[in-house]
Amino acid sequence: MDQYYLGGEGDSASTGPAPELTVTQWFNTDTPLTLEALRGRVVVIEAFQMLCPGCVAHGLPQAVRIRQTFGAADVAVIGLHTVFEHHEAMTPTALEAFLYEYHIQFPVAVDAPCEGHPIPRTMAAYAMQGTPTLILIDRRGRRRAQYFGEVSDLRLGAEIMALATEAK
Amino acid sequence: MDQYYLGGEGDSASTGPAPELTVTQWFNTDTPLTLEALRGRVVVIEAFQMLCPGCVAHGLPQAVRIRQTFGAADVAVIGLHTVFEHHEAMTPTALEAFLYEYHIQFPVAVDAPCEGHPIPRTMAAYAMQGTPTLILIDRRGRRRAQYFGEVSDLRLGAEIMALATEAK
Amino acid sequence: MDQYYLGGEGDSASTGPAPELTVTQWFNTDTPLTLEALRGRVVVIEAFQMLCPGCVAHGLPQAVRIRQTFGAADVAVIGLHTVFEHHEAMTPTALEAFLYEYHIQFPVAVDAPCEGHPIPRTMAAYAMQGTPTLILIDRRGRRRAQYFGEVSDLRLGAEIMALATEAK
Amino acid sequence: MDQYYLGGEGDSASTGPAPELTVTQWFNTDTPLTLEALRGRVVVIEAFQMLCPGCVAHGLPQAVRIRQTFGAADVAVIGLHTVFEHHEAMTPTALEAFLYEYHIQFPVAVDAPCEGHPIPRTMAAYAMQGTPTLILIDRRGRRRAQYFGEVSDLRLGAEIMALATEAK
């Protein structure tokens, strides 16, 4: 059973302030985004790698559906390219071609590499376990859920709406 | 585009009081249910016919997922067998076998036939256009959305949650 | 691994003459069919029950695809309604409505009930274990494969073609 | 209707000798392969690009299923990375990571680039229109079918078997 109880916590422990993004580059947006500037909206972060089969088959299409379902004034959807393996293959140049071919149109950031470590900076700050990871941040900038792997659309729709109906 | 704007109305016109169910028989519940008795909870009605391919492939599995996703104290899920064609084939006896084979475990009512008319009584009262039809009723007993055909899980999850977070 | 080796036997033991159909009624054909009359063609028998979820989701759609893929002069596709449970629900009347709603257009026979036994006659003659069961009969009338449950399209396409290329 | 008639030609015009592969590199094989060396077996060539959504979702999984369904002694399955766009993104290094992540275990060749032209050499020799393209070569080395886009498993299983049953 995997029932959503109102007021429940999801399977994510942390509900503190969401760490700011540390990124080197943005696609699909003229100006770089920050969580701080998005305060007041619910933020959905889809952390992915372009060569991660689960991201391509499930995570990213789900993020596209979220973008299509909720109004942008209430819910921001951001992709975060958290490369922690095959760094030489998943370059920003390759990512750009990938986003074009897969028609990803929401803003996507490149997570900042960390010298001497395979895990990039934002991924480390959020203690993500892998990709795809989906993170929900409320209107006040607090991380409210973080899911590694697949989450059902029904549950996600419910959780995003629960955050969206909270007071700003 | 099919974006859900907070405060929006869905594609359903009516937001008045939901007509009470007029049914002849219940499966999967010891005592007959009424909308009045369910007041205080969000009610999801999945109107279907057992020989309707769209109901079998989409509507009913979605209702099962709703049942698994939301807590029963907040959200009630009810099936309504609204037979408006092939009446001789979709009898209560056949329905019982169907529910068993498809592992439908939430309460299912048989919509009351209307003599001389193919459309049964509750289906007529709600002016449903066919099956599957999904109806959302809020905690105060008002019909808030009615969808004929497929609705995405993401949108439905959001709409159910929006109703669930309203005050009783 | 589930590799098809040319000249292999599938997972079916019997390769003797296919027992003749013992049926009470046909749909979608003006004249009753017999295996004897179909001699010279490959015959695909899809044995199903209208309230069997695996038949509705997999077996029957696959039989429709077989019908659309192979020419009727080489390959005959027959449905066989082998009711062994819920007899009171899966009547010929109900079957007729089912075939109409699911757009099944190839000939479908009702397997002859056997008094005092739940298993109908053809199902017993073929020693089927349940539904869906798919049976392949070669141009000379010999049963060459019998599968209970799902078989992949790729394998089935190969096996039907292997039989179709055999001399009449 | 899209029926396969025995003796038919598929939707491919050419049935002449299959042009030899012109490639720069192989993955998943210790020794380079040639069509000449594969003479006597049916050869299935899956031409793809690692950032082509249709290849990732349909073409390559189908090639994997072909590899699992037919015995290697009768049917050889080869991937051909025919990069004709985003050359800077789909390098051999990126391809290697892709093959690893997607568990592609059959031999894959890198189609030889053609200076001054976006279309690589083998792709040009076969006059492919894009990716995915699936090519069937018979035991005698003749190209017998060439499909751009999706082909059904049922049809493909049949066509491969038709070639496999031909005399060497």
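Note that the chains are named A, B, C and D in the order they appear, and that numbering of residues resets to 1 at the start of each chain.
We adopt the following convention: contacts are C-beta pairs under 8 Å (C-beta built on N, C-alpha and C of every residue); 3 or more make two chains touch, one makes a residue touch a chain.
If you're wondering where the values come from, they're calculated on a predicted model, not measured in any experiment.
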Other chains in touch with both subunit A and subunit D: none
Centroid comparison with subunit A (C-alpha atoms), farthest chain: C
Comparing B-C with C-D, the one with more C-beta contacts is C-D
For subunit A and subunit C, let me know how many angstrom lie between their CA-based centres, rounded off. 49
Approximately how many whole Å separate the CA-defined centres of subunit C and subunit D? 34
Can you work out the whole-Å distance between the CA centroids of subunit B and subunit C? 36
Multi-chain touching residues of subunit A, meaning two or more other chains, are none
Please classify the inter-chain touch graph. Allowed labels: line, ring, star, complete, other. ring
Can you list the subunit D residues touching subunit C in their complex? 1-6, 62, 65-66, 68-71, 74, 152-162, 164-165
Interfacial residue positions of subunit C with respect to subunit B in the complex: 51-53, 56-57, 85-86, 88-91, 93-94, 96-98, 100-102
